[in-house]
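Look at the two complexes coming up: chain A is in both, with chain B in one and chain C in the other.
Moving on, here comes the complex of A and B:
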């Protein structure tokens, strides 16, 4: 208990003389802030992308693709095959028959508003059933497209990011002049980066006959999936692969998520080592300046452990304040920052997500670095012979 | 100059821990610099090498929409065009869909003629493949990854196409291994277009279609004019085109994945800003602690210019040592990572230009971190400083 009280007093005394060492303290703090800023910013990019893909699928919806195609874009099914999916057991049946949604996915070039890059924007042809199978899709402005009138609705992220996609705008693609008549949201999912229109119009504009890319089916319950899947896989007239929608989208985020997380962690660890050096520098300066007062306190009976603890505590204090500053800066500059990448050749717009857990992880990381940085100078301070300390300066 | 060396050495030895730690943080900054420049190189490096006389003509809708094969003769008739090659995206994989292979079905003679020496292909393998309709050329990176040898027959599968027999597997014989200088091609697999088109299931929509054209032009300076001329020919056809240089095409694709350049620059800016603070602070402290020493040197006849020279020499040693060590360590680390990440990130290498950039950064940091000490020295009041001792 004694030691702790002495530590506390030593720390207070040290902090009171902070003005003299303001420069070194600032360097240490800013060093930690830089590390945490980069770490949290990079990881928030991975988190944002992950959230977008995880927000897309539900676990009671199944996705049927052609066998051998890993993604919607490379999959083709005939409308006839698509209808058979509705006959499989486990498909929910509503007032309009089986709840299946045959969809065609085409990519079209649109210029990004800010960067002027030509992006591969997904253009999806759907029928009325799509809005029952994907109930999270909701109109936020305008109205739904009317079949055969070359009207489209655009996802909120697509409207923001690409030229010619604002409500009321026209754009030409596939020889058709499309009109944007509505804007929809997807509760943070990938469909918000897409353009939707009615299936036959899209099929004829891009000369796809009556083919579709995929069939989404709403099941009576998540538990109905195995039976549904087994039935389709064993149907000799179909050659398809079946996925849970939730897992299909979540799976797509894995590669990039892992890449960013590993790269970000390596960068942060190395920057952390640099910040650790800077902080150790600071603490060496501190202990050498306070050598005399530490020696006097030691003669008065202060414990060596108290000296060690107080120096480490001061270092951790710089680290934590730097960490908080860095996390705050990451939140201010990067939270909600809009970016896009390609996922299966299709553009996905997502927002950086500086979550509380990421910020906390960053601050804790800084704290650990501060602890390490304080150790060597602290031990050096405690080990210094008292006589030498008193003579100093 | 050598006369001052003992002085500089004494100054750096004054607080050994500080010197080591400062060099350490500079080292880390330059190590990160080396790593990030290598990553940038892996993504963007080969782009400057992309043929300046190659144009890409693709469907205006997007790069996944095909173009008619008949367009070939029309493009070839555009003035300034020397040769037209075409390719079909095969969407290849080996055994599992996760084992993705960048496979293209091409017309062998024109494709090889356009890429010439870039593919690192022996004349024998070249002749063998051109004569072998069911043959494939594979980059050394994938050959190594799957242990393929010349002469072996590989069941290559496609996630896009189906055969007349209902499967998506094309058995192909490895006729040659590409050993390209440009790492991008080390991931390539090349099939015969005619093998694919003749075995393709009827209703697949590919019959008589290609993914894109690679157009070689006579003079690089005509790229813009020829591009416009090609697109004008197809403006009123069912499949209008968009033509750009191969470089623009590739850059646009990479930019869609991520703005690697900006990300790398932003991180390095944060790193170097912090490092500048550390070295500048070290120098300022070191000079402040030695105020009396400097005053003595002044009375011994050292002018402010020479004193400043001492400070610059000290900073140069600190930053220079850190930079050299950091870059050397970076070179080693990149070499190790290059081996480990060959499959994910080929072409990871520190570009020679980063040494020049590194040197420029060193100079910048030495000058910037000597700034505060410079002000301290010029304002030095000798009598005051001596009295303080």
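Moving on, here comes the complex of A and C:
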């Protein structure tokens, strides 16, 4: 208890004389802020990407692909197979029959608005049932495409990110001049990076006959999935793989998520090492400058442990201040920042998400660095003989 | 041979027995104290004089438990300081010793009163009791009431030394160790500080060991000890 009170007093004394070494303290704090800014920014990218793909999937929707296909782009199913999916047990049946959505996915090249680089934009052909199977898709401007009129609706993220996809714009692809008649949202989901049109029109434009890439099926409940899946897998006339939509998209994000997280952590660790040395340097300077106070206080009967704790506490304080600044800067500069990346050869537009847990993790990381940075100077200060400190006065 | 300063009590408060201390500087070993024997009676006011580098500050550091001898023993009221571990020695110092330095060594970021309060923060005392003791100590050393909240840089040298002495006596230690307490003051302020030390010795029966270069200051003590080349050269009673 005494040691804590002594530590507190030593810390107060040190902080009151902070003005004298404001520059070095600022360097340490800014160093920590930089580390946390980079760490939180990079991790917020991963979090945003993860959020986008996770937001896409629904627990009561199943995705049927050709057996052996890991993604829609490499999958082909016939319309007949698609119809058989609708006959499987567990599929919800609405006023228009089984709630299944056969969909064709192709990629088209569009230039990114900012970088002007050509990127693969997913172009999805759907039928009217798609809007029942994907109820989160909602029009935000214009109107739905009409069958056979070469009209498209564009996801909001795609509209903002790529050239020629604004409402009323035209673009040519697959030998067809398409007109953008509507813009849709997906509540943060991946479909907002896509262009949608009428399924037969897209099949015709890309000469796909009556084939589709995948069939989405809305189930009566999440619990119906195992029976639905087992039925399709054991049907000898079908050669398909079946996935929960939610898990399918979560799985899609895993590789990139892991890559960004690992790369970001490595970058932050390297920067952290630099900040750690800068902070240790600051604390050595602080300890050297405070040799007088430390010697006096130890002469008066203050414990060496209190000296150690106060130096470490000061270092941690710089680190936490830097951490808070860095997290705040990351939030101000990066939260909601729109970016795009390739996912299975197509572009996914997502927003950086600086979440409270990421900010807290960044601040804690800075605190840990501050702790490490303060230890060696603290021990050096405490081990310095009092008589030597007095002589140096 | 044990040399006993000729003053008040027969039982010495502090006894040094064959105390040696050396330092290494570069490749050279410098013998600062060489088998020093000295006894300081309770209630004595002892002045320690020596040329620079003769070990007087080293001896003061050893007496205050700030350093440990290479050889020999320092007995304080029967307790061998070398037998105390670091924590016990720190506790002992906080309880029994008050230090006064030539350059006052007040913390510049704290007010006069807060500087005096520093040693009291190590004790289990309430805020009101600490304030009472601080005020009493400052009053005892003749520090003006209206300057308690002043910081050291706003005070004269004499006033800073009064604050430093108040800090040294606020815990009512057994002994005051003063390292050139008048060395940074003009003659008038120095005399006032010496008057104060004499008063503390006389009225509060504080044992005082004062290192000084100044023969005028040394004459205010009861006992004068001269150190020469690490040895006790002379011990005599002063005219005080």
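We adopt the following convention: the second predicted complex is superposed on the first by the 392 of 393 C-alpha atoms of A that agree within 3 Å, B and C clash if a C-alpha of one lies under 4 Å from a C-alpha of the other, contacts with A are read in each partner's own complex, and residues count from 1 in each chain.
Definition applied: a residue touches a chain if its C-beta (ideal position, glycine included) is under 8 Å from a C-beta of that chain, and two chains touch if they have at least 3 such contacts.
What you are looking at is a predicted structure, and each value in this text was computed from that prediction instead of being measured.
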> Just chain B (first), just chain C (second), both, or neither: which does A:231 touch?
Replying inline: neither
> Touching A:127 in the superposition: chain B (first), chain C (second), both, neither?
Replying inline: neither
> Taking the superposition as given, does A:386 touch the first partner, chain B, the second, chain C, both, or neither?
Replying inline: second
> Of chain B and chain C, which one contacts the greater number of residues in chain A?
Replying inline: B
>> With both complexes overlaid on chain A, does A:355 touch chain B (first), chain C (second), both or neither?
In response: neither
>> Is A:265 touching anything from chain B or chain C once the two structures are fitted on A? First, second, both or neither.
In response: neither
>> Applying the document's definition of touch, where does A:341 land relative to chain B and chain C: first, second, both, or neither?
In response: first
> Tell me, which parts of chain A touch chain C in their complex?
Replying inline: 2, 5-6, 9, 13, 16-17, 292-293, 296-304, 385-387, 390-391, 393
> Residues of chain A touching chain B in their complex?
Replying inline: 23-24, 26-27, 30-31, 34-35, 37-38, 42, 67-71, 73-74, 76, 106-109, 115, 117-120, 173-175, 206-209, 239, 259, 263, 266-267, 270-271, 273-275, 277-278, 280-281, 284-285, 288, 339-342, 345, 347, 376-377, 380
>> Touching residues of chain C toward chain A in the complex: what are they?
In response: 57-58, 61, 64, 66-67, 86-87, 90-91, 93-95, 99, 101, 103, 105, 107-110, 118-119, 121-122, 167
>> Can you tell me which positions in chain B touch chain A when the two form their complex?
In response: 15, 17-18, 21-22, 24-25, 28-29, 31-32, 35-36, 39, 60-65, 91, 97, 157-160, 162, 166, 168, 203-205, 238, 240, 242, 252, 255-259, 267, 270-271, 273-275, 277-278, 281-282, 284-285, 344
